[in-house]
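Listed below are the structures to be examined.
Look at the two complexes coming up: chain A is in both, with chain B in one and chain C in the other.
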Partner chain A sequence: MHHLVIDRWSRGSSSLHQRDPRAKLAALLVFLIVLSTTRPAAQWAFAAYAIMLIIAVHSARLPILGLAGRAALVLPFSATFALLTWWSGDTLRALALAEKSFLSGMAALLLVATTPLTGWTAALESWRAPRMLILVIQFVYRYLFVIAEQAQRMRWAAVCRGSHKTGGFRLATGLVGVLFARSWQRADGIYHAMLARGFRGRFVPAAPAPFRAADALFFSACLAGCLAVRILL
Partner chain B sequence: MSKAIQIRGLRYRYPDGTQALNGIDFHLDAGESVALFGANGSGKTTFVMHLNGLLRGEGSIEVCSMPLSDETLEQIRSKVGVVFQDSDEQLFMPTVLEDVAFGPLNLGLSPDDALTRARTVLKRVGMAHALERAPYHLSAGEKKRVAIAGVLAMDPEILVLDEPTTFLDPPTRRDLLTLLRSLPQAKVVVTHDANLARALTTRAVFFDQGRIAGEGDVIELIQRFHWEYS
Partner chain C sequence: MHIPDGFLSTPVWATLDVVSAPAVAWVARRAQRDTQDHRIPLLGVMGAFVFAAQMVNFPVGPGTSGHLVGGALLTVVLGPAAASLVLTAILVLQALIFQDGGVLALGANVFNMALAGVAAAYLSYRLWGQASRSGAIFAAGALSVMTSACLALGQLLISGVPMTGGVFWASLGLFVVSALMEGAITVGAVRAIERLNPAWVAGPQPASSRTVAGVALAALLLVVLGTLIASVAPDGIQRLTGQGVDSTSWPQRTMGGLAGIAMIFALCYLGGKLKSRRRSA
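Presenting the complex of A and B:
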């Protein structure tokens, strides 16, 4: 079965992986707030944020290019806005917009790549995030697997019957409907299996680990770093 | 003898109009094991999905003397453990241990107790070496064992197995058979595998187009419906 690389990454054992999900989630929040309030003119600050992220990725022993590539997936969306801003003559703003969305994407991805899903959703839950929101995240995440798996199988079946990589896209657009029908069916089966084992609309986390001194230290360091960059640069 | 399952006049029609069950009467005694035979599409899986209320048709269903209703649904789901035909549907958590602990956590066990119970049943099915592995990377036989463990962790009184040996090679089938024989629960086993049925059950029921076309001794029924290909 196909699986998401990020899921494998999230099960690493680096010191960043071992930090409490709550500490990492809080650090992400601080980072996002500080980032979004940074002035477009403060280009050195953006460089500093990037360096902070690179250090974090390095300490998590994750491939920087792999992460950056995935974070770049957010760019097409923000690029539209960035282009509009650029056309209206505000180059610096446009640049900052692209930088902000890329760095936010990268930071969020870093959280997800160093924390198993159950960990960070449990953290959200302990902060009283709406239950519905958490459920949606968990289901979307699971159904991503389902869809990826079905797509993989259909691609293999097509390749076995002589489809080539070049013809892949045409094939994919033609079969998207089938893909979703099949994914839906599979997802339905999985949902049945969950009900059969007593699922009542809430994922119960298995192991809420204690919040350690190291977690507090980690969060303080992130907070200090972000604030320093924001104020000094 | 008290009945583990008692079903009268069960009918079910899928939303697209397919009449999958057409008046099924069925019973399972406490501690008994029954095989369900029948052609593909004869309604076996649809029937099995009714045993723990995943599908709700017309007719009456009683499990351990409790009529199936919205009030008893949760209790019945913990008494009837269904092992699906497709293990990939049944195993949805990121690791084997988490997957098996999923049910006990839903039952309200503390995380520690749930994990302890998960480890115990995984040992029981011979999968104690794979606690931290991703279920989707296991072999078909191992997946089936983990799926069974996930159901056993709910401590059910009745085990329902939908074509448990379908995707397995002969040696793996043999090992699974040994495991299933060692489990004390009453069993409903959907299968095309005459050997499995003979080894695991004494009574059999034959499905045909959403009805029960015959019922009786396993070996006699296999002969009556020519249910062996050699």
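Presenting the complex of A and C:
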């Protein structure tokens, strides 16, 4: 639980990792929109999208099975609805439902597996997303695992003291209350540490990398590929 | 209930993205105005807390257990604007990193949970907070979950995801159960937090405008109910007019709907003006 495997993936050095986060985010949106508007009958198009993703994963030197496994987290939900659709007699639509949700998840995963969090949040900020939202996203991500680990330790401690025999609703609310108190105190500590390091109300981001010709080329290639598949197949 | 990509039809996700983006910008501006510097790390850590608190299982009745969803708890502790912002941040991270909810469907998920869900929690806390605090917190938890879930179900149905009557009623029943659980868990958690430090939970604001809160809550619940009814029986208007509306394309229908809303808004605005003029005269 210590470090998310995505964090390790995102620090790679392939050509896909080096592309500007803005180009990758825009390419992701194009891919998702094209995928979402593809007709269920165009089954070959879905195969083409999958091949595009596989090529991208390969060029980023990421483990395809690891990515697919994580993207498959969406399948229990979509498989339920796909089954319902299949029972109602619409096989193509049922297939498309599962394919669309899986490929979308895979594409989003590819973005975060080739771009560190600071990269895609900087891209969002350059597109005028509210600064406050960006700050909160960065803080949530930074402390997510710290606090989750604390919760895990508290749960084990409760089990060690026999919570499975006596524990109940009151014990669980107590756990949440103490977790809340510790989180609140941690936030205070963080703020004071930030002040001690010269925080004056905003973070100064590193100078953004310039948008290179290679980034523009990458985006155009993605756009052309997606549109070609969507129109031709 | 996080909607993944591929479920919502294009008009539905596009409309909700267009609605949610400016709403989140507005919420962020409000949160920034109300927040002192030292609360910025607090908002982030509270988001991480909600993530972690969802891991704690609550035994609810024999053999069943639930977990905190957290929208109402955040609303009670941080206030509506900050709670909305924190939930939006959580949804963005869940969509991109945890494959929980889609990227194009982010607008829909933000609308259901971070905007409508928080609004339901805030309005119920404000409306009933003076009368019975625990009751108000229970209602805030239950109504926020119910609102989010019913809106998500309505959006799926409007998008044409087929659902038999049995499944529809079963999911409604499931929603009621989880809404009641969320209410009970939120009350328990708020009480536990208050035992440790009462200053952490803001009291409900003075009920200067209880009517406004009541009307707003009623309007919100009507919208939720309307969405559900419209998604189950989309041909109601056709039956009324006796002609096929489906022959027109969706931009035309959308424009028709928007024009209708504008007309109703204009009528209400004129009515309000007349009333206030009569009162001042």
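Points worth noting:
Keep in mind that, in the parts below, the second predicted complex is superposed on the first by the 160 of 233 C-alpha atoms of A that agree within 3 Å, B and C clash if a C-alpha of one lies under 4 Å from a C-alpha of the other, contacts with A are read in each partner's own complex, and residues count from 1 in each chain.
Keep in mind that, in the parts below, a contact is a pair of C-beta atoms (placed from the backbone, for glycine too) under 8 Å apart; a residue touches a chain by one contact, two chains touch by 3 or more.
These numbers were taken from a predicted model, which means no experiment stands behind them.
Touch criterion not met for A:Cys226: it reaches neither chain B nor chain C. Of the two partner chains placed around the shared chain by superposition, chain B is the only one that A:Pro116 touches, whereas chain C remains out of contact.
Looking at the shared chain after the overlay, A:Ser104 reaches chain C, while chain B stays out of its contact range. Within the superposed three-chain model, A:Arg142 lies in touch with chain B and with chain C [touch as defined at top].
When the shared chain is aligned, chain B and chain C each come close enough to touch A:Ile190. Of the two partner chains, chain C is the only one that A:Phe81 touches; chain B does not reach it.
Of the two partner chains placed by superposition, only chain B is touched by A:Gly198; chain C is not. A simple residue count on chain A separates chain B from chain C, and the partner touching more is C. Touching of chain A by both chain B and chain C, each in its own complex, is seen for residues 142, 186, 190, 194, 199. Every residue of chain C that touches chain A in the complex is listed here, in rising order: 4-7, 10, 13, 24-25, 28-29, 31-32, 35, 37-38, 40-49, 51-53, 55-60, 68, 85-86, 88-90, 92-93, 95-100, 102-104, 156, 161-164, 167, 184-185, 188-189, 191-193, 195-197, 200. On the side of chain A, the complex with chain C involves touching residues 4, 6, 28-29, 32-33, 35-37, 70-71, 73-74, 77-78, 81, 84-85, 87-88, 90, 96-97, 99-101, 103-105, 108-109, 111-112, 120, 130-133, 135-144, 146-148, 150-152, 155, 167-170, 172-181, 183-184, 186-188, 190-191, 194, 199, 201. Every residue of chain A that touches chain B in the complex is listed here, in rising order: 1, 3, 7-8, 11, 116-118, 142, 149, 186, 189-190, 192-200, 204-208.
Contact residues of chain B toward chain A in the complex are 49, 52, 54, 74, 77-78, 81-82, 84, 86, 88-90, 92, 94-95, 97-98, 101-103, 105-107, 111, 114-115, 134, 136-137, 150-151, 154.
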